[in-house]
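The data blocks that follow each hold one structure.
Look for chain A in each of the two complexes below; its partner is chain B in the first and chain C in the second.
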Partner chain A sequence: MKRHGIALAGPLALVLAVFFLAPALLTLPTGFREYVPGQGITAGSWTLDAYRDIVSDDFYREVLWRTLGLGLAVTAICLLLGYPLAWMIARGPAQLRMPLLLLVIFPMMLNLVVRSFGWIALLANRGLINNLLTDLGLIAAPVKMMFNLTGMLVGLVHIYLPFMVLMLVAAIQNVPRDVEAAAMTLGSTRRHVFLAITLPLTAPGILAGSILVFVLTISALVTPRMLGGPTYRVMATLIYDEYMQMLDWPTGSALAFVLTAIALAIIWAANRVARRWAVT
Partner chain B sequence: MDAPLAARGCALSALAFERVGKSYGATEVVRDVSLSVAEGEFVALLGPSGCGKTTLLRMVAGLVAPSTGRVLIGAQDVTALSPDKRGVGLVFQSYALFPHLTVFENVAFGLRRQRVSGAVLSERVEAALAMVRLPGLAARRPSELSGGQQQRVAIARAIAPRPRVLLFDEPLSNLDAQLRDEMQIELKRLQRSLGITTLFVTHDQSEALSMADRVCVMAHGVVQQFDTPEAVYHRPATAFVAGFIGRPNRLAGRIAADGRIDLGGGVLLAAGEAGATGTAVEAIIRQEAIAITGDGDGLPGTIVLRAFNGARVQYVVRLAEGVELVAETASSGAHSGLEPGTPVRLAIAPGAVFALPVA
Partner chain C sequence: MTSSIRTAAAAVVALGLGLAAPARADELTVGAFGGSFADNVKACHIAAFEKATGATVALKLGNSSQFAAAVRAGAGSPDMDVIFIDNSLAVQIRNEKLAEPLQRAKLSHAGEIIPNAWGVDDSYVVAMVSATALVYNPKLVKAPPTSWMDLADPAYAGKYAIGDISGTSGLQFLLALNKMKGGTLDNLDPGFEAIKPLAKGSAVLYTQADQLLSLFERGEIAIAAWYPDRAGVAMDKGLSLAVAYPKEGSVGILPVVQIPKGSKKVELAHKFIDTVLSADGQKCFSERAYIGSVNKGVTLSDKVSHIAPTGAALDSMWFIDPDVLAKQIPGWTRRWQREVAR
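Now for the complex of A and B:
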């Protein structure tokens, strides 16, 4: 059995190792090189400067915390918006299922850049919403909804909500109706059934969806760049800028591996929690 | 205590359906059912799948709302009452245990909803688990138990809050045959000792006949007969019941001029109630109602096949060309060793033959 498993996973593992893992690891040493502004990397040097900067520099720390905060906020909003929707899809009238599911999936078929441009058209200072509100006389000056947290939250929630919903639909469908009915006959109100039965039984799905959305959010590049602009930066856009604008590859590499380490740590922790919850 | 409570003329009904109906769109699942179950009585709802018996059971629990009619528990009209306020215990076919809770917490669930806590709680949980003979497993998760043990937890969970009515939805159909027989006896004993009014849904006639004080046979959403097991077996009220209970032979025939059933090939069979001459009928004769005699009166026939299954021996007997029926006898009896080809005579009491008009 075990040997079969390795053989079956082999081709994919090989592709990932050669084209993903190896190139990624090749950039690891870069993070420990010395960088001299105007000259570039000093060949053969070994230093922890880049990592030390990330920990000590206020700017880097701020971006790191902002990224994690953004990840948490997007995950929480996706969960709060996604659970009722997933519930409707899983438990609602049968004729609503397909249309709702298609509505959830459709945005995923559009290119990220196109979707982000859509949000720019809506949220910009001279965008649809601000123009409408100004014309209606509700506001005098445009409300700033872009190049700040609001814009990024809106854009990222929109993009990652489908992932959360699809995970939750599966989780809610897996809860046997008889188990909920049993709780009702034992004296549980609808509210108590939800809190005592449905919620714990969908917890693995909630956890899986949250991890997915969180990890995708903290590593998102396109949407934060477009809706965050050049100044309101998160880890992914900062890494891009270090590499491509500043040509400070050591710092870029160090930032990239800090982000990777955080993502891996979260996935590892979630797996441990999920194993403890495992009920079959 | 042993006499069926219905027979003692108990006026007090613990559970009643009053002209209850249920339709899903144009499909009528339950049609105008009126039933009354006495306090402490064990009633089995028996019928083929899709006959509406589970729908009726779920109406008592409040999981299905009747389209018409009323459901009463004791004197209280519960038709519009939500499930959590009805005080019924339901044992599901799938057991429906809470997979994320321990056995203890599963059984404690209903008690906690009744605000029972502390020492009283553990005491009553232990008592319920002892009642289903499952002590010492309180800390386990349901997934760590066998099917039979899960079944017991489900029963303990249902009885622990001391429900007014106990409902069983085909609880034994997922168990293997031996365990099922064991549980039948155990459940009946448990129900007796608790004295809780019980409704038990099953499609298994031996289960219904052996466990219940009264059996309600249902078909197509309609009550066919509601009577003691003996009456249902020996005096079926409708054609459906006659064909559903026991192990019947079904033979095509026609009512002859003398009122007997002509099965063709010169075979004439006396029936309890026949009908108009010339009517096409289906003759229903239970295998166990056919007595094999070596000589004397009775229908002449020849043994075609013998099948031994332990306690009983079944024979396929040919009466005439194209007319065969199955008879059975105790495997320890005088006629248990007949070889194929042996001529026999069959004695069939007219009262055991039912003639059903063929539509």
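Now for the complex of A and C:
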């Protein structure tokens, strides 16, 4: 049984190792090179400067915390919005299932850039929302909704909600209805059934969806570039700028690996917590 | 860096820039800026080059720092044979020993070029002259602006725009302000002090030049530190704009052409650069793009010389040592991220 599992995962693991893991790891040494502006990367150098800068610089720390906070916030909002929706899809009237699923998936069929532009048209200072509110006389000056947390949350939740919902639908469908029915016949309230049975049984789905949304959020580049602009930076835009604008690849590499390490640690911790919760 | 890392990095950058089609023997790959710039390169340079040589040109679009990153990633086997790039980054490439020196003997128009267009060791040659200057909407701005500080005029509160430091105009406006306030290239404190309130009040810190088009069009901004060439093209499309060169001197922008080291088509690349430098090529590009020429034989039409940096505006223009820029820009950018755009 176990050997079968390895054999089945083998081809994908190999592809991932060759085309993803190896190239990613090849950029690891870059983070330990010295970068001299105007001159380039010093060949054969070895230094911890880039990593030391990240630890000692409060700007990098601020962006790192902002990125992780944004990841948690987007994940939480996606979960809160996605669970009822997934419930509706999984347990609601059968004729609603397909239309609802299509509605959830539909945004994923549009290019990321187009979707972000859509939000710009809505959220900009002279965008649809601000114009409408101004015309209605509700506000005097435009409400700033772009290049800040608001725009970023809206854009990212919109993009990653489908991932959460699809994960949760599968998880909710997998909950055996007999167990819930048994609890009901033994006098459990609906609320208690949900909290004591359904929710823990869907924990793996919640965890999988949350990890997916969290990881996608902290590594998102296009949406933060467009809705965050030059003033509201996250790690991904910072890494991009270090590589492509300042040409300081060592710092870019160091930032990227710090982000990866923290993300892995969070996923590991979340996994442990969720496992305990699912068991009890 | 080992070659495998370089190959991997090259692959990553290549993916970022969009995968190039496999180059044919008689195909020259040219890196150029997008939008109307690429259209003008096609119309003025590529058409003439293809006709004269029978070779074809594949255009690769990107910005200067993307090209610099790609050349570094290519590490001696570049995926482009000629690049249009900002002069400071051309110096960076040259300092990284990744520039193929130009051979003036192979450029029939070399003698027609203004002498200071050549980069150190002929590692590049300036292809055109533009500037960061003031662009305004004459319907909203009654008296033409004369100074960089006119942006701070309370009359334009919230109705002006400056660029983020990632764009040339943002950096150059910062440096111009710094110079006005008594700073030097070694001490940008006065500049940063002066720009903080201006950046805060700016309608947008634009990262793409054409972001300003819609803002000007809708009347959301009246004035901006921007590019005369972009303004000229926008005026052709019917936008109400005018250009003013501030009395403190505008700042020169010098896009250059350069051959990345290791290009397999150095001969052909020289022929392309020769086409770019020719009086015909220069005249055509200048007229279409509202940009200054480096060929002494070119006389610009009145319409263009009214907008492009010429005459007194050109004489008072500040050309910043690209070597200093290459060394300082990363540090200035970091300071900007922390103090201005935070």
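In this section, the second predicted complex is superposed on the first by the 251 of 280 C-alpha atoms of A that agree within 3 Å, B and C clash if a C-alpha of one lies under 4 Å from a C-alpha of the other, contacts with A are read in each partner's own complex, and residues count from 1 in each chain.
The rule we apply is simple: a contact is a pair of C-beta atoms (placed from the backbone, for glycine too) under 8 Å apart; a residue touches a chain by one contact, two chains touch by 3 or more.
In this text, all values refer to a predicted model and were calculated from it rather than measured experimentally.
Overlay on chain A: chain B and chain C fit together in the combined arrangement. For chain A, the partner touching the most residues, choosing from chain B and chain C, is C.
In the superposition on chain A, A:Leu48 makes contact with neither chain B nor chain C. By the touch criterion stated above, A:Leu96 is placed in contact with neither chain B nor chain C.
In the superposition on chain A, contact is made by A:Arg126 with chain C only, not with chain B. Of the two partner chains placed around the shared chain by superposition, chain B is the only one that A:Ile197 touches, whereas chain C remains out of contact. Of the two partner chains placed around the shared chain by superposition, chain B is the only one that A:Ala182 touches, whereas chain C remains out of contact. With chain A used as the common frame, the shortest Cα distance separating chain B from chain C works out to 46 Å. On the chain B side of its complex with chain A, the touching residues are 61-63, 82-90, 92, 94, 96-100, 109-110, 113-114, 141, 143, 157-158, 161. Considering their complex, residues 176, 178-179, 181-189, 192, 196-197, 200-201, 277, 279-280 of chain A touch chain B.
Against chain C, the residues of chain A that register as touching in their complex are 22-23, 26-27, 29-30, 33, 37-41, 43, 59, 62, 125-126, 229-231, 233, 241, 243-249. Per the touch definition, chain C reaches chain A in the complex via residues 1, 4-5, 8-9, 11-12, 16, 65-66, 68-69, 72, 91-92, 95-96, 164, 166, 203-205, 207, 218, 220, 323, 326-331, 333-334, 337-338, 341-342.
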